[in-house]
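A, B, C, D and E are the chain letters, set down in written order, and residue numbers restart from 1 in every chain.
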Amino acid sequence: MTIEPVNTEPVPLAVAGLSASYGVVPALRDVSITLHSGEIVTLIGANGAGKSTLIKAICGLVRPSAGNVRLFGEDVTGLSPDRLVRKGLSVVPEGRRLFSEMTMRENLELGAFARSDRAAVGRDFERVIDLFPELRERLATPAGAFSGGQQQMIAVARALMSAPRVLLLDEPTIGLAPAVVDRIADIITRIARTGVNVLLVEQNAETALSVADRAYILEAGAITAEDRAITLAESPEVQRAYLGI
Amino acid sequence: MQTAIQLILTSLQIGAVYILFSLGLTLVFGVMRIVNFAHGQLFAVSALVVATTVPWLAGWGLPILPAYLFAVVAGVGVAVALGLLMYVGGFRFFQRDLVGSFILSIGLVLVLDGVLLKVFGGAVRPVPEILPGTVSVLGATITNQRLALCVAAMVITGLLYLALTRTKLGKALRAVSIDHEAAMLQGVPYNAMALAGFIIAAGLAALAGALIAPVTIVSPVIGADYLVKGFIAVIVGGLGSVPGAIVGGLFVAAIETFGSFYFDPSSATIAIFLLVIAVLLVRPKGLLGHG
Amino acid sequence: MDDLKLPCWAAGIALALAVTLFIRDPYIASVLNLIAIAALTAVSLRFVMLMGELNFATAAFVGIGAYTTGAVVTILDWPFAIALVAGGLVAGLVSIVFGYVTLRTKGPYFLLIGFAFTEAVRILYSKSTTLGGTSGMIGIFPPVALDGWMPTVIVAVSAALIFALYALERSDFGKILTAIRDNENVARTVGLNILLVKIACFAAASAAAGVAGSLHAFANNVISPGDFSFLVAAFALAYVKVGGEDNIVGPLFGSVLLVVLGSYALGLGGDEHIFYGAAITLAVLLLPRGITGLVTGRRARAAGKEH
Amino acid sequence: MHAAEQPLLTTRGLTRRFGGLVAVSNLDLEIRPREILGLIGPNGAGKSTTFNLISGFYKPSAGELFVLGEDCTGKSALTISRLGLVRTFQHGSFMRSMSVADNILLGTIHPVKGTAARRARVAETAAMLGLTPFLHDEAGSLPHGLQRLVSIGIAFAARPRLLCLDEPLTGLNQTEVANTLTVLQRIRDEFGCSVLLVEHNMKAVMRVCDRIVVLHHGQHLATGTPAEIRADKRVIDAYLGHRHDH
Amino acid sequence: QETIKLGLSVPLSGTGATWGKGSEFMCKKAAQEIAQAGGVKVAGKAYNFECLAYDNKYNAAEGTKVAQTLLNREGVKFIGGSLGTAPVQALQSLSERQGVILFTTAWGPSIKGPKFPLTFTQMNTPFEILPPLIRFIHEENPQAKSIVMLNPNDATGRDTEGVAKKVWSETGVKVLSSDFYERGTTEFQPMAARIASLKPDIVDLGAMPPADAGAVLKELDVLGWKGVKVVEVGTGIDGLKATGGNAIEGVYMGAAVTFDGPTATERQKAVNAEARTLLGESINAIQIGFYDSVYALKAAMEKAQSIDPKAVAAALPDAAFTSFYGDKVDFYGVDTYGSRQQMRLPVIITQARDGKLVEKSRVVPSAK
């Protein structure tokens, strides 16, 4: 059962009956998920399950063939990504997609493109850099010159620069050293505590389930399970399929 | 010495128009990753409209300068409207599709060539002198018209350069040219930018055409010469790079001027080509290009 | 070699040759010549597209082939067959040198440098008095014995070369080309010399374009620098795009359709440009995958278009 | 161990700088025949750079590189790959629009002559990787796990003496990881090919590697068997983190 | 009444489009006049002419297509006029073989002579124009001792340059430099700078299109060069004025026609006015050739009492007719070309005076 929201604030993110396909191949079938205030929700599933497609459909990069997406109660289905950013949505896309010829600083600044309050952006810049202190002295390096894992960190940092209210993360720990994975997990928890609602898509079910409050399982484009993260982590099927124990 | 100054001045004057022209090409490439061969037609339309409107307005008794300014507005207006039509009816569907957009632009070149010839006729159109007289700069002579053209081109280029390098817009533009989807995910309004980029490019071509109309040979085929030179300029400078377009425009103009002076004009054309090859050998993405 | 679809090719070529033998009307024969030469040029252009590059220098190589043939026939007075081979050979050799320098660049740079090369080569012809300057070369006649057979010869030579390029495309070499288009670095890791492969592809295509030029010279008897402007490549691209680039049948379809349309449009005086341009514009807007794309449906390569 | 055999690859003082940054510093590395060598380290430690150096994609700023006893310092990627060192890339090391068979075929073109022989090599490689049922599918349309195998397939089809894999396991599920590790072991056991493995999946690295080299800030931090590395305090601090020291 | 098709191979697009359109207009004008006057009367029948203009785009390949279309699709037996050396060569290789009469404005001596019995030239070429023109200029400006020449880099330019260089040298004028430039160029400043730096007494812009020539004269004026200006085969003043403004004052031309002078007839003025509204500029010698060729054909057909091309060709050299210029003309050229295929047209020497074209002299060739 879903946990009922305590307050009457509109739900940050509600996806209802979403379907999408690439050409004739369906990638998502009637997917419904909800992100309640203050929650970290994770979406786990094998590769090719459609996790990234769902993220893209939410943020406007893929046009859904049916269903709708609501952001704080407002129907935003089919809006372009830049409009959604202005409504408080931010994404760490699959494959990072940094602007490789631009410096790390420029990448971060672009993260705040939609914001106009310079002072606040400046403060956030410092805060975000503090999360990855090893990169601080390399602000002037082109993003493409960073190692794979470093780029992943920059991608997370860039997403935070837009001061999102809803943050979607598509496999943010891919290619990261084990110690950094832990740090990212930690960062996610901390962000969530500041009132950002997080949807975390992961292959790495172990980490995902350990930070999330609630989890959905996506298989072959459809949601097959939904529960508290702890409960799912203990379910034998999940352990067998995703945790490899 | 005086010869050198005269030639440098000439390069600058010619270069000013090449720069305006190639800025448009480079801008559209930067935003949409397309190569638009019909850019020359936008340039031609504007020049033709100016060349038709000025005598017409002068015929109504309007003094020459206001007539010209009015004609510039008309020329740029028509060219920009045409650009809008091209974008909405065509290029919009071919963003980031080098081959598709290119062939579309070839189709448009053919259509527009035919239409311009029908509408304006093939005859060369005289534009009365707008700013008569000449000035002497360091011993070299230059007509007031060319001087004004040069100044206008420099101002426009300067403004655009500032806008694209010093503002958020410039950064967004570079981001879009690297990965437009990722840019949208940062809140960069890509579709609006593509449209704006295309329209600004059309406007630049139109301004170039309107500015050059009083000092050159205005006919429907005027775009072709500029197209070749403009493309060479952007290859040399690096596609998508604003300073590249400036450097490239001046490069082509200088070789053309000095080559024509010391050898002959058709050798200069071949020299331009050989130098481009040399540049590409050393820097396959142009002098200032990346991405 | 089982997937070369030999029966289809044999039937197609036989049919084309039969048509040339059957048709005795000189005007239709001249249109057939145009179609065959256009098809060969388009297939040559598409061959370089296999490795992901748009070769606008095609126009230049058609011209180099034509001028070589012109020079061999009118200045050296050598026989027909040698003139034909020489056209392909010289174009191929020049393309090796040009490709060695320019194939380090990619995408729009390669496209535009090809465009510039085309224009530069034309100026060279027009400056050369030996090659007839701007008025071009005249008197490039095939041997008298072949006079009535020219359409058959032209179609046969074009068909043979088109088939050769097709066989090359289907061979392992063709697969390297696709690999280069998809992911050049991977091809590099398994011991393949990418620049060499690119040059080879470019040279093969250019040699074919050169022969197309030779045939052009023999079909027209007269050539001039104006014949080989970048429009040759632009039209070849139109044949490929309108016909569909996924399959070699595409450019063939495109050539037939557009050349026939173009011959009709010639009667429209100055409006011919409008007509041809509109045909191209509408085709790319309405049939993004070309005519063959309509037929084969959307076995989309869409995955390749994504990042 | 085959102590008598010369090492497949040796580096001496290998260094690579990017401007002021030293990405790889004074690295001595040795890969022996028939071994699976793990190369691990924090993000930005210099693993991929090392890869690029030994495969000839980058030129070293200093130091020497020997492949199969030949001095390959500053040699091109082409020369090195023809000596039998084949690598994959961290991302998308295959051709999306080509069929699996054609992907694998690419690896055979240089080393194998003759169409029939190449086809046979493709079939053998596919069978070994379990890709036979997918030979005619477009590689880009396959599930991610199989795509990773295709990347390995291309490289392995060249039958290299040394196969260098950059994070081949990212994004794979448990079954796929296990499957891929089995493939790597068979490659070593049946074909005598050595493998250099860069990976962040510690469970897998510990399971499959004979020896592990740890890099940190471009420098060599430790070398040893999986057991030794797991217990190494410096490695735990720099890389593994404390959650993983179980 | 039956129709005889006259094929025209002319540029209808690109830089030469106006010339082609004017040519078509003049052919139609002549055909219309002849129809109104009762047609061509041969063997008791009256024929009318119909002009079919095809776009040869100034190159051989398109010229071949046009030739194929005209000869093999339209079945044309008479080419009423053709423009552009390369496409004319392409056309000639078919027309001579298929027994079709070819009228042309192209200049190359290579397309004339007894080898080409069916080819006729419908306008004056540098061989006819330059000797009298240069002699005239030299007489008016005996103090001018040096010259710089500039021509387009094409057959027309090269032909003109060859003849002009020879004739100037013969008159004792020193050729300081002779350059070529690519057609389609729009920037003439560098060339003007080069010319001015050589300080010639005369600048000869040979076969430059009027608009290009005007642009050069304009730049020369800015640079302060003053001297004798010549556009030898310049065809009109409109294009010159369009780009040259006042800088064209005094320029001499050898292929222009004036229609405002006292010599102009009412018919010339009327036709010219009509052309101006259609084309935006006055008709020129090239286009007039397309009018004259139609009348020449009419005269020859009536003289031969046949519409068989061979018979007509045989009758042509002596079939005198009234040209648009007003004189009764026949064909000559044995001295220069070896056969009578050049229309005996007057060479009209004109000069720009106060923005108007003034006829200075008119020479009717008397050669064989």
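Keep in mind that, in the parts below, a contact is a pair of C-beta atoms (placed from the backbone, for glycine too) under 8 Å apart; a residue touches a chain by one contact, two chains touch by 3 or more.
Since we're looking at a predicted model, the values are computed, not measured.
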| item | value |
| --- | --- |
| Lowest number of touching-chain links that must be crossed from chain A to chain E | 2 |
| Chain whose average C-alpha position is farthest from chain C's own | A |
| A-D or C-E - the one linked by more C-beta pairs in contact | C-E |
| Chain of greatest Cα-centre distance to chain D | E |
| Interchain centroid distance [CA atoms averaged], chain B/chain E, Å | 35 |
| Between chain C and chain A, distance of the C-alpha-averaged centres to the nearest whole Å | 50 |
| Inter-chain centre distance, chain D versus chain E - centres from mean C-alpha coordinates, in Å | 76 |
| CA centroid of chain A to CA centroid of chain B, Å | 44 |
| Of all residues in chain D, the ones touching two or more other chains | none |
| Set of chain E residues in contact with two or more other chains | 13, 17, 21, 153, 180, 182 |
| Multi-chain contact sites of chain B, meaning residues that touch two or more partners | 113-114, 117, 179, 181, 266, 269 |
| Residues of chain A touching chain D in the complex | 46-48, 95, 134, 138, 145-150, 152-153, 171, 174-182, 203, 241-244 |
| Touching residues on chain D, where the partner in the complex is chain C | 55, 77-78, 81-82, 86-89, 92-98, 102-103, 105-107, 109-111, 115, 118, 138, 140-141, 151, 154-155, 157-158 |
| Touching residues (chain side chain C, partner chain B) in the complex | 49, 54, 101-102, 104-109, 111-113, 115-117, 119-120, 123-124, 126-127, 234, 237-238, 241, 270-285, 288, 307 |
| Residues of chain D touching chain A in the complex | 18, 21, 41-49, 90-91, 143-145, 167, 170-174, 177, 200, 202-203, 238-241, 243-244 |
| For the chain B and chain A complex, residues of the former touching the latter | 168, 171-172, 174-175, 178-179, 181-191, 290-291 |
